[in-house]
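Dropping a structure here in structure tokens format, bear with me for questions.
In this document, chain identifiers A, B, C and D correspond to the written order of the chains, with residue numbering beginning at 1 in each.
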Amino acid sequence: MTLRLLPTLAVWAVLAVLPMLLGPWELAMFGQLLIYGIAAMSLAFIWGQGGLVSFGQALFFGAGAYAMSLTSKGMLPGIPDSPWLGLLLAVVAGAVFGGLIGAALFFGKGLRTAYFGIITIAAAVIAERVTTNWRYIGGFNGLLDVPPLPLPGGLDSADPFAGYLLVLGFALLAFLFLLAVERSPYGTVLRGIRCDERRIMSLGFFVPLWKVLALAISGGVAGLAGGLFATQFSFVSPAVIGLALSTEILIWAAVGGKAVLLAAFVGAIIVKYMESYLSETIGNYWLLVTGIAFIAVVVLFPQGLLGRFFALPQPRRLRRD
Amino acid sequence: MVSSVTADFLKIDDIRKSFGGIHALRGVSFSLDAAGIKCIVGPNGCGKSTLFNILTGVLPPSAGTATLAGRRISGLAAHKVSRMGVGRKFQVPGVLSDLTVMEHMEIALAARATGGKVLKTLLWRGNRAEAIRMLEEAGLAEYGDKVASQLPHGIKQRLEILMLVARGMKLLLLDEPTAGMTATETQATIELIRRINETTDTAILVIEHDMTFVRDLACPLIVMMRGEVLREGSYDEVRADPQVRAAYLGDRHA
Amino acid sequence: MVSFFGLALDALNYTSVLLLVCVGLVVIFGLMQVINLAHGEFFLLGAYTVLVAQGVGVPFWLCVPLAFVTVGLVGLLCDAAILRFIYDRPVDTILATWGLSLAIRQAIVIVFGPQSQQVAAPLTEPVQLFGVAYSSYRLVVILIAILVALAVFLVLYRTSIGLAARAAMANRQMAQCLGINMRRLDRSTFSVGAGLAGLSGAVMAPLMSVDPQMGMGFVLPAFLSILVGGVGSPAGAIWGSVVIGSSTTLVSAWWTPVIAQIVVFLLAIVTIRFLPSGLSGLRSK
Amino acid sequence: MLEIKALRSGYARGADVLKGIDLKVSAGERLAIMGRNGMGKTLLAKTLIGLIKPSAGEIRLEGKPIGGLPAHRISNLGVAYVPQGREIFGDFTILENLRMGVIGKPGLGMERLDQIYDWFPILRERHAQRAGTLSGGQMQQLAIARALIGRPKLLLLDEPSEGIQPNIVHEIAEKLAAISATEGLTVIVIEQNFEMVEILAERVAFLENGLITGESPTARLIAEPELITQNMGL
């Protein structure tokens, strides 16, 4: 049983010792990869557990990034310019956007998966256009000079070492939180909804509410990733809320494995790492290769490439032996 | 004397239903006591399924009422009827194909423990002991960790019935629960239904074609024919009835 | 008041081309349950076909049917290489066509570069209509789009192939049991749907800036149209494109294109919230 | 004409409901397959027409193996299917429904329309009407007509009497028996209702738990109805 825990533990152990192995520049880059990993987990949760494929996950990510930037730059009237408050609001913004889209869609009757996909695409495209055209939040250029998160001891998250550990901490937190939710009875029912919504409804669960909450949770975690992104890159632009990033998140989760949180997380790190490595050598061809690789994975490995390694045993509560 | 609540627990009073000009039900009335069990038999198209659809809120009746413990259930929305304790087992196994048997039990038990409330379920700690106890009693314990899509047909059907019991349903509507089962599976299902009926106070209404099943279950029968109740009685009484035989074999063999 | 006719013609222009794109989407979905997210890139390929063909001296009016054929062949290829393996996995078809759209777009970037290019309109003289000077090319586009859409509907509602396609939409298994070769029908439908998107891209090319992003920009309203009109209903495609096409044009003219997009999006959400089968669901109620 | 050997089939992989069906039907014969619900009758029909691939065994039509072929090929080899629930195209007119019977068949047109209308006059009368507005019995006639217009050699009917009034059942059964006799059409009817079977079929096979458990000429069952009750567990 513990054998199946090993790969998961190993991932976190390796990530924890990285600061001892890498230089500051590489460490900063890895910190950014972890942020993408958090975004991939947020999608894997809603997709793998709830069966909802979001083609616009960057909407929640971007909402978090903008909330973080606007708050920490003191641009929201009546709200103090605290980066930590900004991060909190990033989570809230992601969750609210998720909840709103969910509420708008799921309370209607008979929504199909395809509808959800199209609406999320549209939402991401529109969000990108709105942010591009909205002067107050920086328009096309976005917002620069987003401050880092202050840390005890006079440090802040702009320090590569501290910044990396901070992001790693949040990644672990997001992982444990989503894991706890999916392993709770709520998670069991959510998986039931994925299999057969009407059957779950007939047992007396009001399914729309469950899906709205799931999307809010997913949006909140994506918002956290967006908030961390804004502070670690110290800028935000319409690119973080649009279709391009949404597609990337989708590819990470699909390639890694949607059903297992850590598979999506590691999938994001690997794909993004390869991109930074390969885009120098193969340049424009990278995206073409990703697109084709994505098709291949969808057709040949619908469960992703890494799910097997990181699948955890069922909680004790759900095992008979 | 039984109290007024236990007698006529389910009371069906002159239920009628027509689709366009076709009368699917022409005034069906019968009742079922709390913890009672009855079996509805009849050829295809006799209105059994329409009756179940009305009792579960899928269809409103054209006329007449059905009450459960004195409260009207006919014409209510499906999830409301479900929350009042009416559970239906469809003929096709309706298990959740990717989930394990234990997960199925948790979903049903969660629905009972939390009333289907989201936050309560999120914080609920589960009830492993109860799930295992119920699986053991039903003889399904060995399948606990299996994924539903890999279960044999008969086990799927029994699991689904068990889920309704775990959900705490007061009235089970079973639509041909042994359709497509082997003889052994049929016997096991009969046993399960009997045990549920004896050990819980669940009322059970079964639709069945299979006369072996009906005989072995040994419960009162309701024979339906062309949207009407043709006869009520025990297996032997019904079997001896020339009208019933005619209904099955065609008029000229009466 | 003067601009009213101009605006109405703009709306008609946009709506009619939108309809062409929608019809392909709707029939593909109705028949195969595939939401083709690469449809925008088929549109894009149509525009680039014109760009290339014009470059080597093919007259514009020949480019349009050429775009239909070329993109139709691409559609055939996509079906053979990808879709036929995953017909029975609806969600995966959405993902795979999404990957396809990414790959096509990027291939275009690699071959033609990311910058926007211009396709010359074959007609430049404005004509006087209701006292308004209006682009004669736009009028021709309206005419072409309406004629092609009409032809598609005639095929669907007046020919044996159309009858078979509609039967398959209503009951795939039964159609198969009556001797309809579903694979062949699927394949040709996907290919013709792609070709229609290519044709739309070709006729719109002189009116838009031709760049690798133009497909998604155009096809998104088409997706919203089929949600509004009712997924899988050819007649719904008409309603959907009329509602989305005219509201986009009008709101864009009165306010800005961004607000138009938001309005149209909200319109789509409200519609599917209250009418799960779209406007075509109204009729059957 | 049709030969089925050790046929196994199921809705899900690894769970065969049909566990080795053996059956022979000669040309022009009218066979009924009777059995209770859930015994695999509909599955047998779907396997024969090609909607479900058999997991083992053989199906031969006039000596040619057809097991595992896609449905449209089996249909074009001359097997017509009238499914349970009729499955006519409700939004189409009656004439359009009939056209669907020949569209997929190469070289076949509507030549037989008049004959079909003579057999089922109600369809001529209502040919321009939406099929969804017909009564159950009329829909059943349409479904049968749609199958016959494609000139099948073998007609496969699944529960044709379901939800239809007894006098109409008799009428349809008699008509089918007559058509089969004049056209040399082979008929397999899957039924629970003996009213249909006794008129239409010459021979009855009983299907129970995925196996053919007994066979009998219809005449004998009419003489000794006890045999039906025994064979069907009634």
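In this text, a contact is a pair of C-beta atoms (placed from the backbone, for glycine too) under 8 Å apart; a residue touches a chain by one contact, two chains touch by 3 or more.
Everything numeric here is computed off the predicted structure, so don't read it as measured data.
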Going by the average position of its CA atoms, which chain sits the greatest distance from chain D?
-> A
In whole angstrom, how far does the Cα centroid of chain A sit from the Cα centroid of chain B?
-> 44
CA centroids of chain B and chain C: separation to the nearest Å works out as 50
Centre-to-centre distance between chain C and chain A (centres being mean Cα positions), rounded to whole Å | 32
Residues in chain A with touches to at least two other chains are numbered none
Give the residues of chain B that touch two or more other chains, as numbers and ranges in rising order.
-> none
So what shape is it, when you link every pair of chains that touch: line, ring, star, complete or other?
-> ring
Which two-chain combinations qualify as touching?
-> A-B, A-C, B-D, C-D
Which of the residues in chain C come into contact with chain D in the complex?
-> 160, 163-164, 166-167, 170-171, 173-183
Would you mind writing out the residues of chain D in touch with chain C in their complex?
-> 49-51, 70-72, 75-76, 81, 83, 87, 89-92, 96, 99-101, 103-105, 146, 150
Complex interface listing, chain A residues touching chain C = 53, 55, 104-105, 107-115, 117-119, 121-123, 125-126, 129-130, 133, 243, 247, 250-251, 254, 284-285, 287-288, 290-292, 294-295, 298-299, 302
List of chain B residues in touch with chain A within their complex | 78-79, 82-83, 87-88, 94, 96-104, 106-108, 110-111, 114-116, 118, 121-126, 128, 132, 135, 141, 144-145, 163, 167
Complex interface listing, chain D residues touching chain B = 12, 15, 17, 36-40, 135-136, 159, 162-164, 166, 192-195, 198, 209, 225, 228-229, 233-234
